[in-house]
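Chain nomenclature is as follows: A, B, C and D, assigned in order of appearance, with residue numbering initiated at 1 for each chain independently.
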């Protein structure tokens, strides 16, 4: 970290900063410049609280040089993290993983129909919400554990892996019993008790980026999970808050190459929540793969106009089929490949 | 709600929208315009899921006319909500409430010293974190229940009311045992299990605005608490995410008059987290009162440079004293008054 | 437009709104709802100033239903606008146009080298700044008219078309003398005298989206140019201001399908300014094509580390070559095609 | 500036960075740290183009330590800049200046009525647009030079100083002939030819902050004016783009104390454009003064519902009177004073 002093800082003030840093157990090196002095803090282990320096007399600002995350960083672990699901799908390698399904599990018929269509179209992971975080307390909140049972049944019949969201620490355990991947939603990206519990689970975690989270905050949220001992985290870009109401969010695809530079964790994109409108989902799904995403999570519903939630952003099954065809070509253009569809008779 | 049709929408498409709305149990009135037709949805009770209409053929967009919140709105309850604490402080009326204290409870000496100084300066509510949500898993996370006990001791000695944060549903119960106000932090504004549990508590709830929450989302989060039966919610503006790194956040003071127009709930401001730097806290605290805030929550530490967290934004006790003097005059200018200091011998 | 009345609005207040609308020369239809009345304004020609209604007693808010732009909209003109340059490049059709070149024209050698390399790699349009808008008055501001002469020489030798920026109304005339496309930069998107002058020019205009412009404001800026009689506008998404300093901007690729739905004008993407870092330019260029962009504008420099401006975001020539190969495949995947390279002996 | 190297950077890469910096004419000091080396650039005069370093092998990022502005900074000039208008109003000292008037000059009667009312209420500076930058080409664009003549007449009759906007370089000269302060609007904050021309004018310049300008960009825009020789710049915070459509903008009052720390230039606030709704203007005007603004610019119209532009955000004259009374008390609370009203017989 660099503690930048004011031009008017006195030698005594600079000395006090050096002493404070040394008192915190780090090294301190004053760096005189043309206009001002800065003091370098040496040995920063990511735990330095800048606040106590920032308030000192003569200090202009503290500039972090080291990033505060560790285990998620590519400097900690150079090789890409690969996450292998029970049905053989590997997330994070050369393959592009396809997760698809309805926003909410609504009924046995709905989820089994969806699973059959999506497996046929090439998806190997089935998504579907059993516990739904809704902005309004008066909106449909999901089927709860019954939804989990239906997802498990769909897995049994199709061989697809299952990903679904947990809303709180208790929910993590319940979801972990049924699902192959525990999803943590954007609204909970900084719900630390939830992150810790997910870090204690023995299942991979899909962590969505918060609505206005910086990439550093996103990686630090993942760090909570790794710090508890669970190295299998899949990051998911799902759009950040923008200023334009034409689109629900801004899908920040640049985050994909940025995260890939900073971290070894896989990162996928969710163009459905990232755009909020069906006609934008297909182009942005293609764009995400072209940008280097390790997978997609797409909302597809057997009958979108009849959906209980998020119908406007759900694809029709035939749109998803067409999308998969386009994505195969795009993946190929960048020397990757969509993960092959499951065989028809697949069983876990 | 208004369903705006495309210029090219056919009569059959318009008719289908009308039928769908009626099938949802609402009335539908087509409104032909110069360029296009819109269909008004009559009888919206705040539960309409626009998505299922938005995806229909010929539909351009759905424009909400009714707001989705109910009990928090001023149309539901005209009169300001007044919240009376055990020590007599009333939040939401003509008075301006002062909440102050350190970011974290660090030790008995620290919190008792702070409480004594702040009571003397005029604050009637003591803040202090026992459970700290920290962006990094490696930062100081608070004293836990021991912190709650120290806060209760400070209340016993000074008569100040206590406000402190709960991080999860279990925490709500623990905090409710000790504190007079349960705080829900910005990162948890859309943590719905937590909001529900706070709605079941028998203590007032201080709800902080999420980092990038719209005012509508903020009010909907409060609606979760009211919907569970707890009408005593204090809203708190604490800064929203901006694009400029010069300030930690943008303190959105305009939210104060906006919320006061839309809702009967009291709203206070937190200029400490809203700005992140001590030298900005005092001017912005004054500005919040001038904008009509029902109170302030300010970080003050007996010795800011030695604080374990947020030292850079904590005021020195003498700065707080001076601030209170200025605020008294400003409150007076707009026909309000800072709530009188507690008598020296105060006991709950 | 819909004028939404408060629940408490009196019949007299509603009547006054109706009268005001009629006095403005439009029709007015009150629409009674379950909770409140709204008044529909019929015949809105895009000139209604909502402000004079919004301030009236009993009015809650005015919701625009018609969009305020006209000639740029797809409802005004259904078919895509095609813009044909003197060298045969057509922008806006099935082809994907490649514009490339250095940030600034620095010398004859630099620009001629760049042009030769880029023509060989497949670009048909050469970019290069002669007049540079720089955030700091102390940064390099461009070669001025000399730069324009060098660009023209490069065109003569390679057959590439030329695009370069004009900073003010006088500059438009000068640029129009030399260039094939007049560029208007992001900082000038709402510089109305400049837009009007560009609208009077007889050359196509490349209009960059402002740093925080909504899509509606972007289209309204284009409307200024069309309203002056110039229908040849190429829109360019170049990133909007975000809250994360990891990336210079957020490249908002969703704007591409959104604009294509709303307008008949072509839209391209500039991943160089949109990301600000070389390693992000290639993936985001691919993503833009996958999202449906009608072309790319990419900064490429014969020797990026020696560039006088924007070196960090300029590609090396061989990176551009590789990018073009990948883009050919991606364009093909969505039934489009990169515009063929110019023949070696090309002359205008 | 600090050039932070990757952990994996080789000694040769570090050496190359040192050489490059020295080749640019600056000093270079490698600073070895616990995890990585950084190279300090010594003697930065604000002209270093980070881009050419940022792209070098082994470089992680470049962190600016010196700010790129000079003459506007408080380190360049410690004492507050005071700007004295012909009618005796001093902006930037202990006094709080009141600028008020209609959005647009509409007619002689309108502007003279407004001027009389506002002078009586205590304003000493009259605002009014003659040239209006409007988002839509179909909105009212102002009276042009006739508007300037009417403003001058109002000055003659009331003694108020005049501030009005120039839209382009030619306009600066015309406005400078008539007005006492040349206004540059938010959309033109980075219109560099306009800034330069304003820098050559012999009149004070009121520079509004751009819609999404950082404070550093705002100060750099002012630097353009000072660099041309005009030291009399008044900065104006007028709201930045936010994500919530409830308010037109977010009035970023924290910018006031931040700017006052960084620069010697006066800064005022415009709560009318900053909020967009009359009922928010009064509280935010009070808040701006409480935050330390050197003045206010407020839209007041003799008859807001009849205004040709911005009626919804214009105060009624009696609201302005009441506001001035409140502000007098608030200014007093922070040891400042509203600038006294002009005597009735005032003549320039």
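In this section, contacts are C-beta pairs under 8 Å (C-beta built on N, C-alpha and C of every residue); 3 or more make two chains touch, one makes a residue touch a chain.
This is a predicted model, so every value here is computed, not measured.
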The chain whose C-alpha centroid lies farthest from that of chain D is chain A
Check: interface with higher C-beta contact count, B-C vs B-D, is B-D
Chain B and chain D have mean C-alpha positions lying a whole-number Å distance apart equal to 31
Chain C and chain D have mean C-alpha positions lying a whole-number Å distance apart equal to 27
Chain centres from averaged Cα atoms put chain B and chain C apart, in whole Å, by 39
Listed in rising order, chain C residues that touch 2 or more other chains are 45, 212, 241-243, 245
Touching chain B in the complex, chain D uses residues 212, 214-216, 240, 242-247, 250-258, 261, 274-275, 279-280, 283-284, 286-292, 326, 329-330, 332-334
Chain A partner, complex, touching residues on chain D are 2, 4, 6-8, 27, 29, 31-36, 38, 40, 42-45, 63, 65-66, 75, 241-243, 245
Within the complex, chain B is touched by chain A residues 20, 45-47, 49-56, 68-70, 133-140, 167-169, 171, 187-188, 190-194, 210-212, 217, 220, 223-224, 227, 241, 277-278, 304-314
